[in-house]
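Both complexes below contain chain A, partnered by chain B and then by chain C.
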Partner chain A sequence: MEALIAVLIRGLGVGSTYALLAVGFVIIYRATDVVNFAQPALMILGAYYTSLYVFNVGMPFPVAVIAAMITMAVISALTERIALRPMVGEPPFAAAMVTFGVFVVLFILAFRLIGTNVIVVGDPWGLERIDLFGIRVNQIDLAKIVISMIAIAVVGVFLKRSRVGLAMRATALDQEVALAQGVNVGRMFGLSWAISGALAALSGMLIGTAAGGVTPLVAFVALKALPVIILGGLDSIQGSVYAGLIIGVAESLTRAYSSTYFPWVGSNFDIVVPYAIMILVLMIRPYGLFGTPEVQRV
Partner chain B sequence: MSAPTTQQVEPRTPRRTLRGRPELYTDYAKDQALLNTPAKRFWTGLLLLAALVLPWMPFATRAWIGNLTVVLIYAIGGIGLNLVTGFAGQVSLGHAFFVGVGAFSAAFLGGSPGRAAGGLELEMWVWLPLSGLIAMVIGLAVAPLAARVRGLYLAILTLGLVFLGEHIFREWEFITGGFIGRSAPDPIVGGFNLYQRQEIFGVDVTREAIYYTFCLVILVVMALLARNLARSGSGRAFAAVRDRDIAAEVMGVPLLRTKVVAFGVSSFYAGVCGALLTIPFGQITPENFGGLAGLLLSVEFLAVILIGGVATISGSIIGAAFVVLLPRVVEIASQYIPFVGGQGSGAFLTVFQVNGILFGALIVAFLVLEPRGLFGLWLRVRNYWKAWPFSY
Partner chain C sequence: MLAVENLEVVYEDVILVLKGISLSVPEGSIVALLGANGAGKTTVLRAITGLLDIHRGEIRKGKVTLDDKEIHHLDAPKTVAAGVGQVMEGRRILTELSVEENLRVGAHTAARGTVQDNLDRVFTTFPVLADRRRSVAGYLSGGEQQMLAIGRALMAEPRYLLLDEPSLGLAPLIVQQIRDLIVEINEQGTSVLLVEQNANMALSIASHGYIMETGKIVMDKPAAVLRDDEDVREFYLGLREEGAASFRDVKHYKRRKRWLS
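The block that comes next holds the complex of A and B.
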């Protein structure tokens, strides 16, 4: 029982980083109808800047994290202005390919900066464990859950309550109508990218806190966010939180128990479990758990 | 009492009427013919002839014939993706998965049993069509699911196939040889090895030339079949579904069946492509077709149809040539460009990265500037000269 709870908490920890990444995807998708394939590269750069600010600049860890988030917000807003703004009005597939190109460029940049080293982000948690109601859990997992949920809640409240958040939701609903109401749609695009970049930096930091540290190849962990956003529904922030947690837990459970109970699925099945779940759920709900069904007319 | 004959014999159009009017059609069948203009007949024949004699030219090195063979095989896969994505409008990122299924089926059916893997040691005339059929069966099984979702959901769902595929390719050792993969089957037809130096009528022929010619024949057959499918009732149903699926359904096009057929046929082409690819690859591993490499392979096939021309068969072939040969050209050019070098040479960009950037840039450029691809550029040139000296 205790082992099961430990596995569940580890799953929730991993899942909340997926949720964080997925929320970034969803915010950009809602604002601009583009799936941002550059997100993984933004995540890696975020981890890099956290490490840079902690070790080379000497900031305390929380300040370094915030500084890295601001840096990535600026970088991704600039990316939007330079690479994506000219694509407004072009086919969405072309815009998605542009983000793929941005991914390649940023990824090469990350390779230049990080090289073949493994960087650590200098987190205060390390591998320490803590007693939670008599169960030993990794501090890092709790940190992942708490920090991600706070960040997502802040974004959610910002979108729901603030004036700018209202403008962003208006843009997501209908760009032309928002424009007619005096919303600066271009600025909303930039802001969406900035928020998404900051969240990517945060998730990069959280993924980098694990014992392994960060190499450029960790970027591909972020591909897990794709089944997460599909499972939750492309345009639902709430959906991506639930889906992220579901997939994190499912992955962690498979890793712990599949060799005992389902040996025929083979080793490392946990890597593909997100895709299997996504396909199964799409059979029943073609727009994900919380996605808006597309209403269309002929 | 006999029923009136519905088929009337068309009187032959007198040559006098046709002279100087190459596009005068006096019946529907002629208008819909595969090669319906004299120019098409002439150029298709000439290109085919050129493709046939190419490996016998003195300047054709074995490496380049090998590259061209890969072009032909990619063209088959590209036509397959074009049927489902170009004609039927269902964006698929899972093409690499079906190519992989074809490749491993071929390796199992045609290969010899190894340490962990089995093998049936069949001849190529059995394993080539069977690999296509196996891929088709899996395609048909996946299709009803894929038919439920659209757009980006479909793209990412099919991307999931690539990752699931990698897992299956790795774990099912009996078929795939597991992590290290397995060697390619021998392409033997009736005791004649198609990938071995042979003496034919006293002439010494390289294995590359034999295999090239074989792939050319397969491509021509499959291209003709695809072209024929595209102008049939099914092909028109594909186009209707692509243009507006709800409208198509309202007008009586069975949506599910059309999408399933598109996926099935496309998977068959992918399977054959994968089976043929095993020979130039030599050793096939799960890393060739699954996971990240699989995603890149799928993107390459998308590049084939987007750069070549969406919903055209000849465009798929042009696109395949472009996509396969561009990296080779970049490799050669990299010797003359200072900041580009090979893997590990310490240059600013590796050849691999330059390829990635070029592909991305080209796909975006074509999508924005000429969505009809290279085929569209050709149409522009043709229409310019058709209307010449007028500008429209």
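The block that comes next holds the complex of A and C.
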């Protein structure tokens, strides 16, 4: 039983970083109808900058994390301005291809910056464990859950309550209407990319806390955000959170128990599980578990 | 005064849609702009409010002035801030947001202190919306949606309100109601440019009317005169002289519409 709970908590920890990435995808998708394939590169650069600010600049860890988030927000907003803004009015598919190009550029940039080194982000949690109601759990898993959920809640409240957040949602629903109400639509696009970049940096930092550190190739972990957004529904922030946690837990359970109960699937089957879930969802509910059906009067 | 002078608009660099339009909306008045489908009425509104470029349209000649200041080069947010609000054709409410959120979007450019006052004002003008302020806007009836769209534009306290076919797709009784509301809004101090196909409704409340055909203003007279004009009665109000009741005599295509004589 204790082992099971430990596995669940590890799954929730990993899952919440997926959720964080997925929320970044969803925010850009809702505002601009573009699936942002550059997100993984933004994530790995976020881990790089956290590491840079901690070890080369000497900032305390929390300050470095916030500085890295700001850095990535700026890089991300600039990317939107330079590469994506000229694509406004073009088909979303073409714009998505542009984001793939941006991914390649940023990914190569990350390789240049990091090289073949393994980076660590200098987090204070390491491999420490604490007692939680009598169960020994990794601090890092708790940190992942708490930090991700706080960040997502802050973004959610911002979108729900603030004037700019409302303008962003209006832009997502109907750009021309937003424009006619005096909303600066271009600025909303930039803002959604900035928020998404900051979330990517945060998730990069959380993934960078892995025991062995991270290499640029860890960017491909971010591809797990795709099964997450498909399970959650492309346009639902709430859905991303649940789906991220579901995928994380499913992965973690498979890793822990597949060799005992399903030895025939072999080892490392957990890597496949998110995509298996994705295919299943696409077959049964292509709009995802939480994708909002279009409001329509009958 | 909101004025359009010799405006020429081209879509996609080749399609000449407005061929030198001039019209003016004096402060405090209701002005009607009538015309059939494709005459270019909506394009006039887009040119005024800076929404042309997203439709790949461009002003080639002429100007739009608000109290003698040129505003046609302003983008949409700046035009709203300058005091010109637009209610787009087909209501275009934000279906997934609540009624109140829709209204708050309209207040995007307004000073923060004024939002609550304006909300109260809109809810007083449209009591139906007050009852349903928390419901999802997409589930409102057509008439309520039109009221919401108008209320949303009012949240920015526009001095000039451009209404694009507010009667579209509404039952006659609701059209009456919308008409009375437009009069009420006008009495509260907002000048109105009313674009309509429902000439009957528009001419009943406007002080002045313009009639557009294929990119030109073909008639420009006080509304009372237009209401009694024989051609307008036949082509736009569906009325004709008594006696010619037989459909055999209605050879529409044989009669050329020649306004300028």
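One rule holds in what follows: the second predicted complex is superposed on the first by the 292 of 298 C-alpha atoms of A that agree within 3 Å, B and C clash if a C-alpha of one lies under 4 Å from a C-alpha of the other, contacts with A are read in each partner's own complex, and residues count from 1 in each chain.
As a working rule, contacts are C-beta pairs under 8 Å (C-beta built on N, C-alpha and C of every residue); 3 or more make two chains touch, one makes a residue touch a chain.
These numbers come from a predicted model, not from an experiment.
In the overlay built on the shared chain, the residue A:V104 is in contact with chain B alone; chain C does not reach it. Of the two partner chains, chain B is the only one that A:N268 touches; chain C does not reach it.
Touch criterion met: A:P91 reaches chain B, while chain C stays clear of it. When the two structures are aligned on the shared chain, A:L113 is found in touch with neither chain B nor chain C.
Of the two partners chain B and chain C, more chain A residues are in touch with B.
Within the superposed three-chain model, A:V183 lies in touch with chain C and out of touch with chain B [touch as defined at top]. In the superposed model, A:M149 makes contact with neither chain B nor chain C.
Look at A:A170: by the touch rule set out above, it reaches chain C but stays clear of chain B.
Residues 294, 296-297 of chain A lie in contact with chain B in one complex and with chain C in the other.
The residues of chain A lying in touch with chain C in their complex are 89, 163, 166-167, 169-170, 173-184, 292, 294-297. Within the complex, the chain A residues that touch chain B are 35, 87, 90-94, 97-98, 100-101, 104-105, 108, 220, 226-227, 229-230, 234, 265-269, 271-272, 275-276, 278-279, 282-283, 286-288, 294, 296-298. Contact residues on chain B toward chain A in their complex (touch as defined above): 91, 145, 148-150, 152-153, 156-157, 159-161, 163-164, 166-167, 170-171, 244, 246-247, 250, 292, 299, 349, 353, 356-357, 360-361, 363-364, 367-368, 371.
Here chain C touches chain A in the complex through residues 49, 51, 54, 76-77, 80-81, 86, 88, 92-97, 101, 104-106, 108-109, 112, 136, 138-141, 152-153, 156, going by the rule given at the top.
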